[in-house]
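Worksheet: one structure, shown below.
Chains here go by letter, A, B, C and D, matching the order in which they are written, and residues are numbered from 1 within each.
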């Protein structure tokens, strides 16, 4: 028999996601229904990554939630084969890529599921997906298209 | 059924005690046989607390292990009633004191076993004792004399 | 050496915040830039982040560039985080001061931030305890409340200080914090309530202790010469002092006198060319009620051993000899470690500007002190600020 | 602004040490004072401790006063810890430099120390990963090796850099470290062995990565004016540069050019009034082989994209255009985060003194650079040192 032991807060990479802990809880609420969103400043029009509580360009808190493109391409890739942190050991090996979102400048770091490192290529097309943990917390990853 | 879960290193107050981890492993080896010791510099005669690998007064590494007095008196006292760190919760409440060792200037902080806070007094006489954990690691505490 | 001034600053509200470490930094940055009309983010050339333990409380290291991004600055001269436990915020100001004085930076932002309320309180307490010498003092169960309780026990024994006198410190500072919308606690806590609150580490009770607090604060420093570009009311740094003695408790000379505080005060007064009698007000580190009482003495506001009498006689209250902790202190506003030293500077600046609420205003204040101790009071850090240039 | 010099320093051996964090600090302190004949511990007025993550690796916070006690100094002017991840040690030197230049300190000790080998390697890896943006990048599995692997992947794509060229960096630095008894690794690692070592994060293999290292280092700074009281061979600070851009990886302008490095270099050369061609040698941050190659380019030692060719042509080896990482670099000596920047300064000082072993001596060196990146290369820190006063 195995029991799941909750990691102490200071060993747990997953952000706390609800209203009690973060002003960007809407990001996670949106993820739960498959939306990939971030904040945009209504005052200076700056689009942020990651989502913000306060605009880093103008200091405004008048922000709105907007959808991000859910497709993109590999700008660079690697994989983790050795030396995983706690909570990631059982996932080894896994692929990571900088994903250039379509139409935007952001190159977001993401795990890429469903592919081996040997089969990755710069420029390869990817699409957004979400993963949900046992405790209900979510995060996003990407996977190859088609 | 309960199982003991080892605390991660960064939640475990007890020092790692063997040769693999510390140059003052002799301190712990001595504790295990009931000796309360520290280092003294053979070059400048400085007596250290806590035990050292290098003399802070003259930089010498030519140090010897000497025995400390195992009795002393309460210089100041308190207790922890609320807000214990992990690993200490089940010990609540417990008494702590600054123990002025007989004949020396050191006022060493120590848990004091076998007494309630209400019964403590400045000047009260104490004697050294050791405690041993399940995993074999030791530390010292004090307790009232007589 | 160039003269240095603080030209503005702002706060994120202190308390049990429903916000992450990063979001608190964002708020402090936003508030700071709102306070300084003519300053653009791109003009900031340096950043100093005061933070005690983001590695533990927020599971995040290398926080200086993270704060730069959160607040929208791009340091091209100097960037670092300063850590000095409870004095991490003041340490950020001190390093900015040094860099500007030396000519290594022209406009420096300091952000102090701490997120201390985490889901598991024992894990928070565990992290707090490693501020002391973990291997030899922490393992014995020591953390902040027991350490200051030992000082209180000894101070009561040596000088006859009473529980009532300690409670008066808490009541005074909580009363001040009723005027401060940024404070964690905004209700009066009368002496009687302090004396009957739950015992934490005897003789200290719950309201003898500052809170577990989330918060952030920011200030901007520049040369005295350029300060008027950004504000009509700069606050100048007149002097500083800092001293460290002992780390393991066994190596302290005393527990009822903080010798490193006496040394730091001497140097602060010397460098500012003033004496304690020249101060119009002071922000001192009241992490526990006993701390403020000992600080009255070791800062030279009263004779050694008479700190209890000093609060009893109202000498540290508004209208007294030297009003202390008018923003509510750590007891009233909470103590987000990295933010505290910066929040103290903001209070003095706002006092000099006469922009604090009437109920806590010290009329015509011209010289003020900000003091922080850190850890088990083995380091004391002091800055002396003035409304007029040195 | 007063001119500043380093008058001496010493090391604790780097490696998997059977010693605690505190004991490493003691060793570095001892070695530093042994190196500076006329300096007494009581004359040190300030202490700067460079440490990246003692809160996690050593479960210890508020480390500056702890180091003061461990090495036997009593700072009465300035004391703080500086944290800037992998550049924490250089940050300590920079802050000491600022305080001495400004007149806030006269004699400052810098101690850099890190204890990274802890009983549970995954716990160590977990701590290392929080150097990146933990909430958004770390949660995706990112830590140092994958980040630098992404840079390598992109640099190979953009400029045709090869695996063999990267391996040459490792072979060169490991060869230098065979001359360094303080190094973690003291054996030659030929190119072939690098290329067949276990894959960590493709394209990076084990010997493309610096080690997990325990170590400590110390230096003492004072004014250029007083330097000769303590040594016949002071090393002067000629200039500095530091720049921070981006924190979350999404906000980087490029992964094959480090723009903040280009900015930091520009400022360092400007303030030292030199160009890259004036450098006789450099210590640059080879945490991974690809880092050193990118640094050749972005520091201006060669054209953009030609870093691979630069190592291939032996330009960074002894006798080449600019010998790089003669003590063995991070690849050869290991990378105890807080100690690295200080160990680099010691190497340059010993080169200027001609006291390093003949096999790595750069004859008549007069000007050298120490460079550190930190975290995911979002901050770059540079100091320029000289054998002669500025």
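Operating definition for what follows: contacts are C-beta pairs under 8 Å (C-beta built on N, C-alpha and C of every residue); 3 or more make two chains touch, one makes a residue touch a chain.
Remember, it's a predicted structure, so these values are computed and weren't measured experimentally.
Among the remaining chains, those touching chain A and also chain D are B, C.
Comparing the chain pairs A-C and B-C, the larger number of C-beta pairs in contact belongs to B-C. Each chain gets a centre from the mean of its Cα atoms; the one farthest from the centre of chain C is A. With each centre defined as the average position of its C-alpha atoms, the distance from chain A to chain C rounds to 37 Å.
Rounded to whole angstrom, the centroid-to-centroid distance between chain B and chain C, based on C-alpha atoms, equals 32 Å. With centres defined as mean CA coordinates, chain B is found 47 Å away from chain A.
Across the assembly, chain D contributes 20, 55-56, 59, 69-70, 123, 127, 133-135, 248, 251 as residues in contact with two or more other chains. In chain B, the positions touching at least two other chains are 8, 10-11, 13, 15.
Contacts between chains leave no pair untouched here, as each chain touches all the others. Those residues of chain D whose C-beta lies close enough to touch chain A in the complex are 56, 121-123, 125-126, 128-129, 133-143, 145-146, 149-151, 153-154, 157, 198-204, 206, 248-252, 255.
Only residues 18-20, 23, 26-27, 29-30, 33-34, 41, 55-56, 59, 69-72, 118-120, 123, 127 of chain D touch chain B when the two sit together in their complex.
The part of chain A that touches chain C in the complex is made up of residues 8-13, 15-16, 19-24, 52-57, 59-61. Residues 5, 8, 10-11 of chain B are the ones touching chain A in the complex.
Residue ranges of chain D in contact with chain C, taken from their complex: 1, 20, 22, 47, 52-53, 55-56, 59-66, 68-70, 74-85, 91, 94-95, 97-99, 101-104, 127, 130-135, 240, 242-248, 251, 263-264, 267, 374-375, 378-379.
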